[in-house]
Each structure stands twice: as C-alpha cells, then as structure tokens.
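Dropping the structures in below, format is structure tokens.
What follows is chain A paired twice: with chain B in the first complex and chain C in the second.
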Partner chain A sequence: MAAAEPSLEELRQLVSEFRPNRGHLLPALHKVQDTYGYIPRSAIEVIARQLNTTPALVYGAMTFYAEFRTHPPAQTEIAWCSGPTCRILGGDRIREALEHTLGLPLGGYSEDGRYALHLGQCNGTCSEAPQVWVNGRVVGRLTVADAIRLARRIREGA
Partner chain B sequence: MNAALQSLITRARESYEAWLTNGRPKVNVCIDTSSLARGADETLRIIRETVAREGIDADIGIIGSWGFCWMEPTVTVRTAGGTRTILYGNVTPDRAEEFVRRVLVDGEEVPELAIAVVEGVSNEGIVPLGEHPFMQGQVRRLMANCGIIDPENIDHYLARGGYEGFANALERTPEEIIKEVLDSGLGGRGGGGFPTGRKWDFLRTATAEPKYLVCNADEGDPGAWVNRILMESDPQLVIEGMLIAARATGAREGYIYIRYEYPLAFQRMKVAVAQAYERGLLGTNICGSGLDFDLIVFRGAGSYVCGEETGLMSSIDGYRGMPRIKPPFPAQAGLWNKPTNVNNVESYANAPLILRHGAAWWSSVSDAKDKGTKMFTLSGAIKQMGCIEIPFGYPVRRLLEQYGGGMRDGSVLKGFQPGGPLSGILPASEIDLPVALDPYRERGMFLGSGGIIFFDQHTSVVDLCTYFVGFAEDESCGRCTTCHGGTQRAVEILRRMAAGGGRDSDLDKLEELTRTLVWSNCLHGQFALTTVKLALRYFRDEFETVIREKRDPAGVLSGLIRYEIANQADPLLPEAADICPTDAIVETHEGWTIVDELCVRCGACREVAPGAVRVVERFAQPAAEPTAAAAR
Partner chain C sequence: MAKITVNGRVIEAPDGAVLLEVLKENGFYVSSLCYIPGLKPYAGCRTCLVDVEGPPGLQLSCTTTVQDGMVVRTDTEEIRAARKAVTSIILANHSDRCLTCHRREHCHPGDICLRDDVVTHRCLTCSKNYRCELQATCEKVEMAGYEPWVGEERSWYATAHPEADRANPFLEFDPQMCIICTRCQRACNEIRHTGAITLSGKGWDTRIAFGAGGPIHESNCDFCGACIDVCPTAALMEHPNKWVAKPDRWTTTTCDSCAIGCSIRLGTKEGRGVIVRPGVGNPVSGNQICVRGRFHYASLKPRERLGRHLVRRGTILAPSNYADAVAEAARHLRQARERGRVAVLVGGTATNEEALLARIVAREAFGTEATTALAPVLRAVAGALEARFGTARMAGNLEALAKAKTVVVVHDDIEESHNIASLRVKDAAVAGARLVVIGALRSELCDFAAAWVRPAPNEEGWAAARLAELLLGGADEAAFADALAALRGADPESTMVLVAPNPVSPGKAAAMAAGAANLAIALCGERASEHLVVLPPEANAHGLLDLGLAANEPDWEGLAGLLVFRDDPTLTVPAAATALRPECAVVVIDGLLHETAKAASVVIAEGRAYAAEGTYTAADFRVQRLAPAVRPEGEAVRGFEALRALAEALGVSVPATPEEALLQIAAERPDYMPAADLIVGEGIRLDVSRAPKAAVVPLAEPPAAAAGTLRLISSRDLYTALDAAALRHPEAEKLHRYDRVRLAPADMARLAVREGDVVEVTDGRLTVTAPVAADERVPEGAVYLSSLMAGGIAAAFFAASPMPTVRIGAPVTA
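And then the complex of A and B:
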C-alpha cells in the first residue's frame, strides 16, 4: 500500500508559495497532507528549508496536532466520536466493541492498511449520537450491535 | 453613508429583490454540518435532479441552519408569488423526490413534514414560526439571517442590513466606536465575559505596529457548536465584526482560526472572505475610506488548547500550540510579538448589531445583568438537540424543557454541564439556575461558550469525570507539570476507581489535585479538574458508593458490573453469542455461559437478546458475603 514518496523536487514545488515568519507552517503542512493524504518524512526537511526554520521545529509543531499524519490513510478510515453526547448515550461501549472487532486500538491501522480506527472530536452533529464517521460520512444513531456489524463488514472487506 | 458602500448595498438589494420577485418558487435546502450528517447533500441532489428531469421552473438553493438540528435536513419552500414560505424538517434523501413533487408539481403542502410557516398566514395546523415552541422566547439577532440567506452569497447579506454597522463605524472615530461597544456591555462570548470594548481599547492604545486581530473560531468544547452555526449560516457577519474592530483598533491584518473539525465552516469563511475582497470590503483602501484590512482564514490541525488565545497565537506563528505565559498580554505581545486582539466568533458577530442599531437597542433586549443575546447548543440525553439564541436570564430548566424538548423517554435528569470540559457538572437540583455568568462563577465554574449538556441516571459521574479529565489530559500542551502530570494522576485514580480498586484515600488525593492544578500557567490546567471538584461537592455519595461498596448506582462502570445469562431457554442466545465481539458467550455441556475474563461489557448481547442476558453487580453485597462464603 505504501505509495512511493514524492520526489523532493515535487515537494519543493508544492510548498514554494510559503514564506518564513508569515504563519505559513500549518498551511504548508495542510497542503502536503491534502495532496498526499499524509506528511511524508521528506516533506519535513523541504518545509523547514522553505520556511527558513529547522526540521526539528517543523516536526515538533507537526506532532503537536492530532490531525497531521505521518502514515498514509487506510482505504477505510473509521473515526469514533468521543463527544459527550455520544458518551452519555453509550459511545464508550461502542469504542470497546470497535476496538475488539477490528483488533485495533484508537489510532491503529490494520496490517494490510485496509482500515484504521481513530478518535474523532465532537463537531456538533449530536442528534446523530452515538456515531462514527466512515471516510468522513456520519454513520449515526448506532447501537453497539450496529457498530459491531459495521466493523465486521469493513474487516471482511465488504 | 460611505458612497461606495452605499452603492454596493443598493446593488445587492436590487439583485436580491429581483430574485425574490422573479415569480419562481424557491426550494432552499439547509447545508450545514448537522444537516450533512443526515444526508442533506443527497436531498439537495435529488431535488435538483427531479426539478431538471421534470422541467420545473424553480430556484433551488442552499441556506444555513435554523437551529432545528434534530430535524435536519430542513428545507424551506417559498411559493412562486412569494406570499408563503414553509419550513420543513426531516426531508431525508428517501423522502426528497416525493417531497419535491408534492410541493412543486402538485403545488401542495406537506403537513406531516412541516415545522412552521415562516412567511404568510398559518393554516392546516402548521404554526407560524414565532409560535413554534422551539422559537417562543428566542430573540434572533445574531441568527437573524440563519436559515434565510444563502451563506455563500454576499448579496443576500448586504441586502438584509449587512455592512450597515460597518458603514456607521466608518463615520465615527475609533474612540467613538469603542465607546459604543463599551456602552453596550458586550462581554467576551468565549466564556470569559471580559468587556470586548476594553480589549479593543488595549489594542487601539498599543504603540507597536503592525497590530493584528484574531477571531477565535477554534470552538473546541465538545457539545458546543454555536460558532459553527454562525460561520456556516452567516459568515459575513463575522467578517463585518472584524472590520469594525479593525477600524476601532488600527489593526491591518486579521486571522480567523477555525478548528480542523469544521471543514465546511472553513470553506464557507473562505468563500465569504473571497467575496468580500471582490466587493472591495477587504484589502487596501476599503470603499475609498483609507482603511486597509487583510483577512486570512486559518485552519487548525486538531488541538483543544489552541482555543486558549495564546496557544492559538503560537499555532498561527508556526509553533506547537502551547499557551504562553501572561503577561505580556496579547495586546502587548501577540502574533509575532506584536499587539494583537483575540475575540470569540460570537463577540465579533455582535459588533455589527451594536454599530447598526446602537448600544441602547442592543442591551435593552432584557433586564439581565449580562447584556445582549447568547447562542446555546443543547445536547445530551434530551429529545431535541438544537441551537438557540436567547437573552440571558432564562432558567436552565426552560432550556431543557422547552427548547430541548425535555429528557428522552426513559431518562431522568441527573445533572448538566454548561461550559465545556473545563467547566464542571451540576446536579439536577440546580436546574433552575439562570443562564448568566455570576451563578456559575460563584460555584467555581463558568457558563462557557454556549454548549449545555444534560445527562441522565444511566450516566456515572465517575465515568463523566474520567471522560472530561481524560480529555483535559489528552489535550494538555505539556508545559506545566501540575497540568500534564496532575490530569494524568487524576485519570489513573478515576480509572482505578471505575475498575473496582477505589480506596478511601482517593477522594483526598483528588481534592489535593484540584487545589494543585490551579497553579498551572493557563486556563486549561487551572480548570482541568473543575469537573472533579464539582462532582466531589455535588455527587460525593456516588464516589463513596463506588469506592466503599464497589457498586455503581448508574450500573455502567465496567469494573463493577458483570454480564450473566438470565434465561438459558432464550431462543436468541445464539444471536447474542454471534454478536459478541470477544466470543465471550459460549455454550458448554452445562448450558450457556459468559466468560467474564473475555467480556468487555459492551452490551451488544443485551441489545440483540434483551431477555437472555442481564447485568449484575460484580461484587456481592458485603452483608450477603459471609454466608455465601461459608456455604462453599
């Protein structure tokens, strides 16, 4: 699944619009991730050079944020909503069930890269609680059994 | 009025009027994050396709949220003559084609999906919008355009009074603008309540250049989505507010920092900013007034503590989003160490109203000590999760019963949480507290930015504390040991308690932690254990029961309960065994049994076979124990 990393030249082109000391680090990281689905390791140095800073500072900043990934996305990305309404309506039992059905902790990727499980933050679609997002689409008003069936279908590749 | 702005407004009014009176029926679908969660994009697509296929002459458009989030997708239908507009709810994709045929081909109304009559006389049992229980007592000022205008069309905003506040600001001195904002009594809407006018004056009188404005749209409190509703439904209102602030403070550049989790709000704000640039409302020499102001829409990357103003500035600057040590305050040293003012989305959004209608009008909405209106989102174990705008002073009970529709069937109110994970929880007995800043401050918590969450008897307070403190732990920036170490320690204690290992000394330890964390640098650490502090005050019995009796009154803590077979003859047992994610339900020669070591207490078995499995207390009651032990 691991696609070849983009070339340095391609990365340099991609971030060439960004300038030092203009608040461009997060926009540059976003642009790389929007393009490749993750931040390839080589992009750290390219961005550092472009922004006249150090790879350590770029890497340090990047890893502070939950949504920058150093790993290509899986085919099916499941995000479990950790919000309070989901929790009150049994969401934590859904997490238990998902983790055991998929054999992954939150933040885990399946070995073949087909699916991954993440922690999602509440975005105020609480009338769908408890919910998960499958590749960004809400699957809501779930029972635990629904969540297990969904996870099994994803695991079996259906 | 500024001539350039006047002509922009006039042209926008003409085009809006022409659109309203073009003799075509209008179907507008709410496209916001809440409606998308219910398939509104599909609803819109089906409506468009049906209209195209049938050759119906109608305008199909998009609107923002009316606040009826639990009835999304909402759709408005306006008759060709423009005499009647009906708001419909639950127009899900499976209903969309029939719906649009009925309203556009057959020319009828769909009473079973109708929420209210927005324009025109009421009939057939469809109430006028103002008489709908969800709308009674609401005062929609910030939300005046929400659900009515196309959020991606600046002309709609301009035609309905938009930028008139900014026009008034252009005719006044910065001091006069700040005085108007001060006179209004507007307090910061992010939860602090600090007078917005004073903050603006700090920036105005700062000597260093350049000066920056920041709009904090990092609405990270789970359960709060008021800023999202505004940005997705009426983004120009925020831009106009920032323009007024720019005029008042001398700032030439602004940032709207939007959390990663709000992609649609980010996109809408980008569109709105681009349209404002096109009209000359942003950039250099705005409307010929000599005012220069650039506005950048900035996307966060998933960090709660970036909602703290100095963490947010670190994030824009391009560092880890760690809050800084104050002083210096942002007005002295903010972005790139230059003077900066940070306000919440809703704070900026009030400025156009104040400048357009005057401070006296703005503050006269109620007699409450806290001035103006405030948006709230209601969620939890309630019937109607939605967004409201009300004057301060209403009792929380009214928010729950009238706007929230009361608790869900089978749920009894146990408590509620205003103000996000750093605020704290209150018991049901406090439900008559008014929505105001003081009562919560007096209790050592805060009203917060607008989310109110109601929980029921099936919620364990120990679990809620574990959740909120766990959240604070996860999101701690790591600077202060009090915060990152303290939250970690508190979570360990709470988890151990929930697993049945609670000790008598735990409550003292937790209390000591709540006293220690107040020495953290920023609000995040200072308030990280507020939930625990208030829970120990109001729900102490529950902690004591969990620790001493190893029993959870809510019956959910996984370490204190056990699942067992209730009925060996239940025909659904094989299904229960099949759904179990850990294969804990097995059939032996003695019948079905649940292997306790494997069971993760997810409850799926009880969902598929409610009569076959039951939840029991894991630890037998002390009184019964000796006899049971003696018998063995």
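And then the complex of A and C:
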C-alpha cells in the first residue's frame, strides 16, 4: 500500500515557489505528482491557497489532464479505452468483462493496491481496437474471452 | 435603439443587446438551456437556434447581438427540425423516456410505465416533475414521439451513474440528472464569485464536481443556492423541500435574518413555507440571497413553533384560549405596574409597526420607553457616530457598493454576518475596485482585497482609526503599507466604507463604528456620512433605532413586570436572566417557547416575521415591505394583532392596522411617508441627509487583555438560525460548524487537541464545553465562538471583560 499522505506543512513547502496568475498551476501539479507519484486530495487545497484560486479550479484542471492521478499508482494499471472506435468494436463488452472479473468499477483500485482499472481516452492506435493498456502497453484486438483471461491473470498476480 | 423584424413583426431593441434576451422579452419562444441572463454566453446547449437573414445557416441567438435592420425568424421548419435534433443529443444522456413518450399526458405518478423496465427513470417519478426547465423545453420544441434512435442503445441507460451527494442539509446534487449545461458552475463563479463548482474530466467523462472533487460540504460552497436557481434539471435541488415544493401561493416579502433586507419569494402550501426563491426588483439583493434567506424559513419544524397560547397555573404553563390569555396578560402587567417598574422589550425582527405598538403600550400603560436587547450595542454605535457626525443615521447607499472604485470593510466577517453585502463588495473588487479589509478573522473577502489589515483580535476599530490617522498625517507604518498604498488618491465620490459593528460587545462595536467613521472622514471629508454604511445586528435594528427603541437600555434589576415581543433577551444580554424571577410578571408574545417564555406568566403565541404585514428599515435606511406569507401555527395570531389586543385590554388606544401604524410613524418621521405606497420587493430608501458635521475624534486606548492566554472572538455566523438558537435547538446550526469551539490549526497542534475533541473554554468564571474544530479564519492566539452558540454564552464573556481571554482545557469528567 502507499505511504501515508504528506503533511500540509510539507505540501506547502513543496509548492511555495509558485505564484498566482502566472500559469503556475500545471507546474505545481506536476511537482506534486513527481514527488509523490500522485496528487493527494489535501494538495489541491494547498495549491489553491498558494495560487489564490479555488480548489474547484485546481480540481477541474487536474481532472482534465489524464496524466494526473489522485491515488498512488497500483502495481498493474489497466486503462480501458473509451474512444469511439473501440466502443463501436465492442469496447463496452470488454469493459463489462474487466469490471466483472476484477471486481472493480472504472476508477477503482483493488484493496491491496495491486491493480487498478481506469478510463482511457483514444490515443490514436485505433488499428488495434478494441484495446486496453496495461501499464501503458497496448493490448489490442481483444475479444471478451481475451479480456476475461487478461483480467484473471492480473487478479491472480501473474 | 435598433429596429429588427422577428417573424414579420417589427420590434425595437437596444443596439448590441443579446438577441436571445430581446426575443424572450418580446414573447417569442426560443429554447435556451445554457444561457444565464446577464452573463457571457456559453453557447453549449445549441438549442437557441434562430434564422438571421444574411449569414448562411442557423445562428445561436445567445451569441448574436441586435443590429438595426436585422431580420430574424424563430419558427421555420428548418429551425424546428434542427432544435429537435440538438435537443435529442442532450437527451441521449438524460432520462428521456417520459420526455419523448407519446402517451406521457395520460401517465400519472404511480402508474406502471408501458415501455420502461426501470420505472425510476422517468419524469413522473422525478422531484422536478412539472417545474423542470428541460421538461418544459421538450414540450415546447415538440419532442413527443421524436425518436429517430429507436432500437439504438441510449448511453444514459447503458451507463452506471455516479452516486448522488445528499450528505448536507441544504443542497442535493444528483449527477444522473445533469446535462452539463455548466450554468451552475458559471453562477457560482461569475455571480457569487465563490468558484465552488468545476467541470471535471473531459469528453465522455465530463462531470460537474465540487471543490477538490469530494462531497459538497467539504468544498468552499456557502449553500447560497444560486446554482439551484439556474439548474434546468433535477440535478441540483434544495434538500429540505425537494419533494414538497409544490406551493399553492407565492408571496414576495423580506428576509428576516439580517439587516440587508433581501427580497425573497416565499412559496407556501396551506399556509406553511415550502420553498424560497430570491425576490425580484430589490436593487441591493438583485436576484441573490444567502443560505439564511433560502433555508431559514425551515429552521424549525412547524410543531416546534407555538400553536397555542399559554397561561401559568402554578409551575406549569397550561394551554389557554386567546381571549383569556390576553386578559390574563393585561391583568399581570397592570398588577406589576402597581407594584413597580414594567419594561417593554422588542426583538430585532419586529416590524416598525409592531415596534410602534409596543412603544405606545409602554408609554401609555407603563409610563416607560420600550427598548430592545440590542440597545447596548446600538447605543454604543450611535454614540460613536454622533460624536463624529452629529447623527447616528449614515446616508451611505448599498446600491453604490457594487460600482464603487474603493471599498473599505471594517468587520468581524460580513461574509458570514451580512452575506449579500459581502457579495456586492466582491462584485466591486472583481470589477477592479481597490478593497481594503480590516478584521482579525481571515474572511473570504481577504482573497479579493488589495490589502488586508489584520489587527490583534477585537482591535478592528483601533486599527481603522490608526489607518485614518496615517492617511491624514501622510505618515507610513509597515503594518498599514499596503492599505495606505491602496487608499491614497482614492476618489471620494466612488469610495464606500462598510462597518459591521460586533453584535456581542458594545465596547468593540463602538470602537469599530468610531474607527470606520474616522476612516470615512479621512477618505471622503465632509461628505463622509454619504459614503458610510453601518450594518447593524439583526434585520430591523435600524427601524428600532428610528423609532427610539435603542435610546435607552433596560434596567433589569428589580423589575416588577416585563413584556417581551418576539425575542429571547437571554440570548443577547446575559443580565436579562436576572429579571426572570418569580416576583417579576413576564408576558411574552412570541412563536417560540424559549428560555424567557418558559419563565413567563403568559405566552401569547404569534407567527414570526414571515406572517407579518409591515416594514423593516434595512442597514442603509431602505424601507422594505413584509407581506404575510405564512399562516401562524395553530391558534397563534399575527404579532401585530397580539399587541393590538393587549393594548385594548390595557385600555390603550393604538392604530388598528399596520397601514395606520405606518402612517402614524410617517406623521412623526416624515421621511417614512413614501413607504406608505411601497412596492413589495423593491423598497424605498429614506431620505437621509448628509450629516451636519464630519470631525475625526481619536479613540481611547484599547482595553488591555490578560497576557499568556487566548483572546475570545465572537460574531454572527452564517448558518445558525436565530429562532432555533433561542430554543437552544441542537440543529440550530445544521452543518455543525458553529456549535463548536473554533481554533487556528497551529493552536490545535500547540494545545494537542484534535478535531472533535470536547474541551472546556473558560475565563475562570464562565465555562462552555463543546467539540473543537480547526478553522483557518481564526488567528493564532484566539478562540472563536459564534455569538448564538450555547445560548449566547459569548456575550457573557464580553460582559465580564471588554477584552476577554480564555483558557482551553480538557473537560473534567464526572
């Protein structure tokens, strides 16, 4: 499991170099993520206060960019592509298979933190549709049976 | 003015006006699911299509501005088809069964749907049914039977929906119903300047989120409900009335929860309030209100209000009929008068007309002047102002606030005490005004300020006076550098000074008024009184001032009788409890069985301000009308009627109706005359003339505080309901933020207390025990207690010492 959340003081120190109204929001988010591997919820408030803006604005920006995560990464990260080609080619069934076999909803983490299932956006490799990415690697042209096998392997820790 | 032709009709409209607004004003229907009048168009829903001659294709009327000679059509076949197509895209991700069903007019809640397997997915079981803008739009654009997607999978029905947030007592958010029109986000950001809402994610995953993505009550939302007003669906709803808000009558009246006097529309069903929406026409509140205005109509359940008159029989208060209760009340008070002194006390939510009656009764029947529990604070403030201006009535106008170029606020936190004034200050700051905030608490306003002067707790008034000295003397001082830079060279004409004197400490209140007055004079010279607004505690404090009820303070010692109208004085004045002895005959006219009422000989039940007909005089001497919206509970009567009946029983003649009472007030104070033909909602500003003088008077040194302990800060919080606080009701503050001892996080660490720990706050004599909460507003070295917490205990600390300090300790367990 991930280490305990950093303290507010530590977070304040970390982002103290950033200033309001200078386009520092993304650099601040990157710095937090680079330091901890994810962005703890408490960091959102700290960044908002440092940049004299609202937590909502920071959260909105953060969730817009897929690279930011609000949870420490799992050992195996599975991203399901929600893009149009994948979905036309049966992506929704793949998603159902993954969700069911892993016992996780989209955006869910296994209790032991070993694997997680995410929503992905089309990355242009539609020739491999329908696909998922396992730790960033494309696993494409999936059938429902493939997806179940993949999910079982990950679940069993292979 | 431009002339344009719409569907063959020629209409006039201002050049450059938003075409959509012009069309609606002139009665042309145009669907528009994302536009908010007055704000920049978002152009997201794309349903407001019209045909403008010239450019090819259809135009969005919310982004088109009026030009002379324009020829517009809103009703062609092409437009109809396009609107339906666009609406169908929105419906693809909404529960649309009932919207497009051909037999929806025959379908009733409780019927079994003939086509839907999941019965809950439909308007007929939705809380917004029959009052839904999306539903009405579908009706208007004739969506029934428009189902080109038949047989397709509809994404709304195929998606697992995120859970609704029903975790707070005010605002419910159900993302299932959201059509991502972003109106709520823009209202919160651009109208309220709060920014609690964001669009999170992107593409398929776009969603409305609050704060840092958690529950609403963990965001910086203040529950004003501006987002609810603009939401076109059931996504954002008021929690208390989500299912019951089907009023049979709407009444425009005035909020009774602070001295801004916002107009509200109170929807009632069988005489009981079921929903509040902002009123219209009020030039200060516009179409905004705060959480108190929107939700405090329901601060108590109907059965928690008094529905029966009560007469003491030995140790119990027994129900009585109205005539007997009035006769008993008169008998008790007459006998008391024979024994000694009788005091008459009027609460801060009494109308001017009710206060007049109380005053006449006091004079004629008891040979005394009516007064109010607010008198100590009001008198202290009036004294400070009179010394500098020769009058206590300032001529500043809150309407000027939003357009001011320089604003100074001397306060504890008007964001909490007088929320809509704070909103107008933010309007000014966002439009570029230089804002200087003087206060020990870190108010939300500090985020908008060019300079924030943070004095030692309770020394706001002295800080303001010091700033005035520096401005006049041309000197600099490090602590004031930013403030001086912001204020030097300010144009007096567009400068406003706001002061909200502290409600619990007369000494602090006087210093705040004095400091703000000096500052206004330093900034605006002899016209200072026209640029200063005092925001007093409670809704009709300035009415009570004008009627002379603030002129003297009650002497609680040795009273033989006490008549109290709509107030629990023990909540504001600790000394009031001394009057409640068996030797003192107490008669209470109120809708609550509070501490004072429990000690009374007779309680005449009445129906609170929302049942009253009459007027309030708001902070800037703006008279606002109250229209009877709710019916008094049970056998309770209107407050005015109770006073009139009691006067009659005492043999005193008084005006028979609120209108006659207002005319009598106007006979005495001619500036009240125009109020006689006041339009409900709009209000009329009294003609307050410029003060006869404007002279800076230095302040005496602030009282010393004991060293080494925590200073106590107390002020009115945003959430506690006055009436429920008088009952010491555990839900008087429904969010449970202000029934706690609030400490700076650093002090919590130093004192080794954690969130929720129950502690004792004591000055050695008085003690209050409550859980602790961390509060970034509170400065280090201070403790914050809401003025209404624990039966108004904070006032008792301030009565014991002008600059009270306290210790915090773990409670002694039995």
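As a working rule, the second predicted complex is superposed on the first by the 119 of 158 C-alpha atoms of A that agree within 3 Å, B and C clash if a C-alpha of one lies under 4 Å from a C-alpha of the other, contacts with A are read in each partner's own complex, and residues count from 1 in each chain.
Assume a contact is a pair of C-beta atoms (placed from the backbone, for glycine too) under 8 Å apart; a residue touches a chain by one contact, two chains touch by 3 or more.
The structure displayed is predicted, hence computed values, not measured ones.
A.B. asks: Figure out whether A:Ile44 sits in contact with chain B (first) or chain C (second), or with both, or with neither.
C.D. replies: Touch status of A:Ile44: second partner only.
A.B. asks: Taking the superposition on A as described, I'd like to know which of chain B and chain C A:Thr70 touches: first, second, both or neither.
C.D. replies: Second partner only.
A.B. asks: Could you say whether A:Gly140 touches chain B, chain C, both of them, or neither, answering first, second, both or neither?
C.D. replies: First partner only, chain B.
A.B. asks: Under the stated touch criterion, which partner chain does A:Ile148 make contact with: chain B (first), chain C (second), both, or neither?
C.D. replies: first
A.B. asks: Kindly classify A:Val132 by the partners it touches after superposition: chain B alone (first), chain C alone (second), both, or neither?
C.D. replies: neither
A.B. asks: Touching A:Thr54 in the superposition: chain B (first), chain C (second), both, neither?
C.D. replies: second
A.B. asks: For A:Val15, using the defined touch cut-off, is the partner it touches chain B, chain C, both, or neither? Pick first, second, both or neither.
C.D. replies: Neither chain B nor chain C is touched by A:Val15.
A.B. asks: Can A:Leu117 be said to touch chain B (first), chain C (second), both, or neither?
C.D. replies: neither
A.B. asks: Which chain, chain B or chain C, is in touch with more residues of chain A?
C.D. replies: B
A.B. asks: By the touch definition at the top of the document, which applies to A:Leu104: first (chain B), second (chain C), both, or neither?
C.D. replies: neither
A.B. asks: Identify the overlap between the chain B-contacting and the chain C-contacting residues of chain A.
C.D. replies: 53, 57, 60, 64, 82, 92, 121
A.B. asks: Spell out the residues on chain A that touch chain C in their complex, using ranges where they run on.
C.D. replies: Those residues of chain A that touch chain C are 8, 41, 44-45, 48, 52-60, 63-64, 70, 82, 92, 105, 119, 121.
A.B. asks: Considering only the defined contacts, which chain A positions touch chain B in the complex?
C.D. replies: Those residues of chain A that touch chain B are 21, 23-27, 29-30, 51, 53, 57, 60-61, 64-68, 82-85, 87-90, 92-94, 96-97, 100-101, 120-129, 131, 138, 140, 143-145, 148-149, 151.
A.B. asks: Under the definition above, what is the set of chain B residues touching chain A in their complex?
C.D. replies: 33-34, 36-38, 69-70, 72, 220, 222-225, 228-229, 255, 260-262, 296, 298-304, 315-322, 335-336, 377, 379-381, 385-386, 417, 421, 453, 455-456, 458-459, 463-464, 467-468, 471, 477, 558, 579, 581-582, 600-604, 607-608
A.B. asks: Can you name the residues of chain C that touch chain A in the complex?
C.D. replies: That would be residues 158, 160, 194-205, 209-214, 219-220, 447, 745 of chain C.
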